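The structures considered in this document are given below.
The two complexes that follow have chain A in common; it is paired with chain B in the first and with chain C in the second.
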Partner chain A sequence: MKKVLCIVFGCGLLLGTAVRVEAGDPTAEEIVRKANRIAYYQGKDGRARVEMTVTDAQGRARQRVMSILRLDIGDDAEQKYYVYFHRPTDVKGMAYIVWKHPGLDDDRWLYLPALDLVRRIAASDKRSSFAGTNFLYEDISGRGLALDTHELAGGDDKTYEIKNTPKDKGTVEFSYYVTRINKDSFVPVMAEYYDKNGKLYRRMEAVETKEIQGYLTITKMKATDLNASSSTIAIFDNVEYDIGLEEDVFSERYLRKPPFQWIKD
Partner chain B sequence: MIWAAAGAALIGVFAPGLRAEPLRWHGFFEYAFGGRWVEDQTKHDRYNMLEQRLQLKTDYFFSGGDILGRWKSQFVFKGDFLVDEYFGGKTDFALREANMVMSPADFMDVRVGRQVLTWGTGDYLFINDAFPKDYVSFYIGRDDEYLKKPSDALRFSFYTDAANADFVLITHAEPNTLPDGQRLSFFDSFQRGVAGTNSDRMLVEPGWQAENFEYALRFFRNFGSNEGALYVFRGFDKSPRSYLNEAARELFYERQDIFGASIRGPFAGGIGNVEFGYVHSPQDDHGDNRLIENSMLKAMAGYEKDLGGDLKIGFQYYYEQKLDYEGYTEALLPLDYFWDEYRHLLTNRITKFFKNQTVAVSLFTFFSPSDLDGYFRGYVSYDMTDQWKLTWGVNIPWGGDTHTEFAQMRRDKNVYVRVRYSF
Partner chain C sequence: MLDRMVAFALKKPKIVFLIAGILTVAALAQFLRIRIDTDPENMLPENEFVRRFHQEVKKEFALYDYIVVGVVNESHPEGVFNPQTLEHVYDLTREIGRIEGVIAYDMISLSTKDDVQGDEAGSVRFQWLMHAPPYTETEARWIRSRAMDNPMFYNTLVSEDGRALAIYVPIKEKKLSYAIAGKIGGLTQAMAGEEQYYMTGLPLAEDAFGHEMFVQMGVSAPAAMIVIFLLMWFFFKNARLVVLPLLMAADVVILTMGLMVGLGFPIHIMSSMIPIFLLPICVLDSIHLLSDFYEEYRLFPNKEEAIRHVMRKLFLPNLFTSLTTVAGFFSLSFAPIPPVQVFGIFVAIGVALAWLTTVLFIPAYVALMDASRMASFGVDHKEDPTGLEHIILEQVRRLAVERWKLVLAGTVLVVVVSVFGLLRIKVNDNPTKWFSPGHPIRVADAVLNRHFGGTYGAYLVLQSQDETEEVFLDPALLNYVRDLQEDLLRRGSVGKSTSLSDITSKVYDELLGGGKKNRVIPPTKEAVAQCLLLFQNSHKPDDLWHFVTPDYGKANLWLQLKSGDNRDMAKVVKQVEAFLTEHPAPRPLAYHWSGLTYINMVWQDKMVVGMFVNFLGSFLIVLLMMVILFRSPLVGLLSMIPMTVTIIFIYSMLGFLGKEYDMPVAVLSALTLGLSIDYAIHFIERSRQAYKTKLNWPDAAREMFGPPARALVRNALVISIAFSPLFLSSLVPYKTVGFFMLMIMIVSSIGTLLVLPAIISAAPRVVFGHLDPGKKISRCACGQCMLLAAMLAAAVLYVLLGYSVTRWNVATVIAVMVVAVLGGACFIAGRIRNRAV
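Then we have the complex of A and B:
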């Protein structure tokens, strides 16, 4: 299904509200599509300051603070992201841009300010760690709906439970994942990943949601690696939608001259 | 500290409103040691790096209603204090960045002041990036940041729907920092071999005058996911490859014009790049002056792929050719060293992260099948915390000849360690 995750996270920015279910339960595909739409297509653009705290098995904490800008291009799937790192201080000023092309490899550029270097990033593995946290790149830039098959696997009176099975098992480390999606809001509240032996090893949870400008927004998320006993909590603040971002913000120009009017720490 | 205070005072003058929001200073303190195991004639046999460094940086974004605010101006400052035990505890301050960037129009940015300049598509290989570099830092194991030297420059960037352009005016042609026998041994033709502190050549830099300003121009745009660029550079060779006065052992930086192009984009599941440049040597137009560098053709192609599991691998092929080789060889005198017409170079980079990307392993290999020499640089770094970082690495240049690029450095092999605290 979906990018639940991504949704969840990436777009802490974008979560939307209120699609009420009409009579009867919808199909898995419909649930997934609605959750996807809510997660991605509410508001034309958005921004957030994101603070991620990674805690390892020994209890040591690391912090990543960044600003994220997002813009939808065209009707649906295409999106652009701008990420600016505030902390840790040794990467402060580092910025990257993602042009997300659903179904194809994303385009990614990374800017290293100390070298004034704009690097093109080979980004075929979307399931690698994002900035050393327990979130994956795919949690941010999204996982294409068409990459998985989706089936309604149960649920309770508040959530649908959807089992998502990858069509191409060779490209991912999980054998399937189960998402729970709120029946009222269609916001994904949890995703659990099972490895090739059917063992649960990874979990993502929406810990806190708030309504911002009429959009229901996940403002606190947690990703846990159950094997390594490490987890990352992401807190989204300064969330704002429909701020009028222009497409040129997502270009080399603004890697070299960060758009501080949008991303001030 | 005096400089930092001066910098802060300068900002105070620029932006009186700043007092409302104090500048936030960041940076790091670093201890670095690079030991060597091959004896040579440099200042110290046992090591070629022993230093402590304090870097301070700050930036400021002007958001007020005055002109700097309307131009969305940003001020950037970065300076390094160095205690260099290699030279008996000599203290030094290097101003790496002190510049202001402004957007006086929707379609234009201007950056003025000391700044680091980089463009082109190579990985440690440069054709159209003729901006100054520090290869001493590169070979002794300082952070990659120090490979690039700053320039005092004025950079205009124009952005339109059709294409973008950068125009850079560099008021002082800053040469590359190259091995000179003090810290790293190298091939010195006046010593007729690899030299250390016995090297006594003179390098004559271009004078600081308007006719020696350098100009660099880049046109660039995207074609879908592909990036194309055209480059023009008019200035000086940053390495002293030409002889001014043989008897006085004087070398100089000959004039150089570069015309080039590059393209970079998705290719075969990774990122591919191609770049070439025609390097014209206007002081040796016909290539028949044995004392002045020949015109050259340079080209490279690269490919990088993400293999998954935080493992990336990259390859590059680089080619250069002297364009008036016949004229050059005919002009040579009997005892002259001479260089080959062609040079081929292959590189490989492998990068792998472990332990939630806190441990990085990077292996970079240069190998020239035409010179039969090479250079291996590898490091392991460990982010112990968000503040403490430990880096351990090696630099191993090798080869059989005395005067090819890497072989001349073969006595400069070192193992280094750096401990950094960031704040």
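Then we have the complex of A and C:
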């Protein structure tokens, strides 16, 4: 099952309306696949202005404000992202492009305007921090369904509880994670990560959902690092779907010249 | 009053012991509430600036106190960078992370840290330094090269020669370090490999010391008691009688510690030393009495008469030796260091209790003894005493009385030479050095500081004086910090330092292709900010916040020192000061120090200076008491001479031997004073008693070198031998105590038996003038009045100053109460004396 994380950036923008579950509980694989489909394959493109506030153990807050553009490529799971930083002021103009290739390493580029440098970010794994927030890079680009085994571990009236265990334990820092998926909408509402000692250390939550252009959209997400006692809240504003983005925008050329027709500076 | 007390004890011995028994049981019951505090940081009051600031800095930059685990492989050609050792390090790191009390999240180890790497092709990669144990030597070498290339890890995590690497284990609380180190020790023992494991770090040294100290106390105090018992048995040939001083000493220790625990004071490192201090003091009191009882037993018709006589004769000297010791320790309550105050006050209380038990228990015990069993007891006065002891004492007497000019000249010479020794004393301390060189922590300290930049951490927190935000994004400031780091490294006291400048220049370097190591800071504020945002895309973005606050308003420079010596820390503080003055910062900077190494420097400085000031105070108080006791300022001053010579001599030995003036040495000055003045009191007081019957000094001296001198020598022997096992201790402060006991006993007994009689021989009338028949005590001897006035003024001034610098707390309140009690005791003693004269 795709984690809540992907919802934040990808799926979050494009989440479809609720899909009713057929009579009787589906299997874990079916739930995961459905949630994944809703998360990834609704709509064609989208954009949002995202405000992330990181609050550390001492209550000190720091902010990141960015615009995110997203486009689905073909009928496959291929996707492209453009992330443009508005704030902090010193990093204004920094931009990422991500080409997501399910099953393969993603392509990532970064632009640093102060040095006028474009650098390819080599992906050794996807579980590094996204811009110093409590969200991980994998929360943006998504985690391949085939990387984990999924089992229905329980749940209640409203949610399914799925336990996801990585097939290759060596590549990740968690031993497993548990997702809660809304039975009606198939929206993942919570994901909890357990470390190699079986201790809960990380949590992702969908805090607020709204319907936008007929798509159910998570507009407020929270990621908490229980070890560091820090958390990040991401708020999605100005969410729009099907705006007619072109693939050209997601090329290296546009890193140096941001597509201001799509991004309000 | 004394007679009544002794008579009561003789008449109702069982009641005396019954009351004592009840009190002892009550004291023992207090031990149920025992609280133990092994943290030397508590030497400073909790609200002390440097402590509060340290806590603030730890919170602000998410820092912890570290245990340093070192892994050294000297046999493999690649050092620690071989698959097997690295696998062990990987496993060890994971297992340590599971130990309760370890902050696994912030551990610094090859397998918990992220590396950034750029290449010429224009890509930047973030990856774990050691995500999994390497399979091949090539992989191991790659890890080595990445770690060496990173200024955050080089010389901190990996040694320059690749033979050692470190795991920094952050712990929740310092007091957990000993237990955690024990568990880590268990883990490393299970790792069979070519590599060796070491553990050190200040929190561990401090906590381990606290623990081992208690163990040592449990071993050495009883050992000393057994030796004392055997020696006294040898001297007095009556096991039943000599067991008493030991029982009394044990009882005094129980009562004192029980009172302390009962009043809610935790047993701190300092107060755990109370038994070892009380032991010799208690024993000394009773040896004087028993020795005289032994000498004179046969001169009296029965044991009750004998003990009554001895008690009467020795009452004043005993009272005053106790009072001076009380004063010596009590003056510690002026120290600005809470545990030292508690220590001083309770040793003082213990000494007072020891006096009380001596006065009550000895007569009571004698009353209970079966006279028939004492048939062989006592000196047979029909024969002239012979034997080695007698011959030596006779020689000493001749030397002191007949060739006193020579003795005094010798004394002056010793003092002059000693002053040179005093000048060579180095004030220094380092908790790691409280362990003997062979102790595992000391060994680890030596090995790891040879390999790494240093295991002693200090933090220099910099902040702008006018702006509060984003100042540390300014490249000019980052360059300045980098220059400061390079300057410190060049001067040699700092082995390694890490700062925001290192992170920034590392990321910048990798962005530009990597491998240049020239520590260039990006040109603009925006470029710095963007490099740092890029850094935050790593697996460990929070590592940034150990070195700067999220608003970039304060920066933290982590310094690693190879030595935890106060002097070395002080040197670094001076170097930083010098750099900041000589090279004005691009923006006006304020700075503060933090970190355990720095805190230790602060409290040790305070302690050493404080103890010296206290010592002066004790000296004054004891001097005043001597003036009161001997009814003459001049005699009072003279009586201080042997003790002063003793102290000057012992401390000059430290200077000549190169032993540093550290915390234990500082505390021992009070003991030296309290113990060595005792001999002078006994000697002068009893000389006067002898003079009263003989009416000339040479004859009185002859009597003095009989039983009184014997008691003194036996005393010295018992204590110095009893504490010699301390030399075997693995804790250096215990060795120091052993050394001091030995020196105090030897030097002050020589001083008293040689210097004091020589002084009296030079001017007997000063000491005995008022005892000559026909001579009247001069009511106004102006010189003496002036002397007395000066002493009083000095004492008043000292007390005033002492209390104005010390804040009021429980300890000082008790202290003031003790002053009142002391005053009362003096008054009573004075009245008793008046009647006697």
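Simple rule for what comes next: the second predicted complex is superposed on the first by the 258 of 265 C-alpha atoms of A that agree within 3 Å, B and C clash if a C-alpha of one lies under 4 Å from a C-alpha of the other, contacts with A are read in each partner's own complex, and residues count from 1 in each chain.
In this section, a residue touches a chain if its C-beta (ideal position, glycine included) is under 8 Å from a C-beta of that chain, and two chains touch if they have at least 3 such contacts.
Everything numeric here is computed off the predicted structure, so don't read it as measured data.
*Asks:* Following the overlay on chain A, give me a clash-or-fit verdict for chain B and chain C.
*Replies:* Overlaying the two complexes on chain A (C-alpha atoms) leaves chain C and chain B clashing.
*Asks:* Check whether A:L69 is in contact with chain B, with chain C, with both or with neither, and answer first, second, both or neither.
*Replies:* A:L69 sits against neither chain B nor chain C.
*Asks:* Is A:V187 in contact with chain B, with chain C, with both, or with neither (first, second, both, neither)?
*Replies:* In the superposed model, A:V187 contacts neither chain B nor chain C.
*Asks:* Of the partners chain B and chain C, which touch A:R120 in the superposed model: first, second, both, neither?
*Replies:* both
*Asks:* Look at A:A28 in the shared chain and tell me whether it touches chain B only, chain C only, both, or neither; answer first, second, both or neither.
*Replies:* Touch partners of A:A28: none, neither chain B nor chain C.
*Asks:* Please work out whether A:L110 is in contact with chain B alone, chain C alone, both, or neither, and reply first, second, both or neither.
*Replies:* Only chain C; A:L110 stays clear of chain B.
*Asks:* Touching A:M94, do we find chain B (first), chain C (second), both, or neither?
*Replies:* second
*Asks:* By residue count, which of the two partners contacts chain A more extensively, chain B or chain C?
*Replies:* After superposition, B is the partner touching more of chain A.
*Asks:* A:K257 contacts which: chain B (first), chain C (second), both, neither?
*Replies:* In the superposition, A:K257 contacts chain B only.
*Asks:* Please indicate which partner A:V50 is in contact with in the superposed arrangement: first for chain B, second for chain C, both, or neither.
*Replies:* neither
*Asks:* Looking at A:Q58, would you say it contacts chain B, chain C, both, or neither? Reply first, second, both or neither.
*Replies:* Second partner only, chain C.
*Asks:* Would you mind listing the overlap between the chain B footprint and the chain C footprint on chain A?
*Replies:* 56, 60, 62, 88, 90, 114-115, 117-118, 120-122, 124-125, 127-129, 131-132, 228, 230.
*Asks:* Using the touch rule from the top, collect the residues of chain C that touch chain A in their complex.
*Replies:* Chain C residues touching chain A: 59-60, 62, 94, 97-98, 104-105, 114, 118, 121-128, 131-132, 470, 473, 511, 522, 524-531, 533-534, 536-539, 541-542, 544-545, 549-551.
*Asks:* Would you tell me which residues of chain B are touching chain A in their complex?
*Replies:* Contacts found on chain B: 26-28, 59, 61, 63, 72, 74, 101, 103, 109, 111, 115-119, 144-145, 147-148, 157, 159, 164, 220, 225, 227, 264-266, 269-271, 273, 304-310, 312, 353, 356-358, 383, 385-387, 389, 420, 422-423.
*Asks:* Please name which positions on chain A make contact with chain C in the complex.
*Replies:* That would be residues 56-58, 60, 62, 85, 88, 90-91, 94, 110, 112-115, 117-122, 124-125, 127-132, 137, 170, 196-197, 227-228, 230 of chain A.
*Asks:* Going by the contact rule at the top, pick out the chain A residues touching chain B in the complex.
*Replies:* Per the touch definition, chain A meets chain B at residues 54, 56, 60, 62-63, 87-90, 92-93, 99, 101, 105, 107, 114-118, 120-125, 127-129, 131-134, 228, 230, 248, 251-253, 256-258, 260-261, 264.
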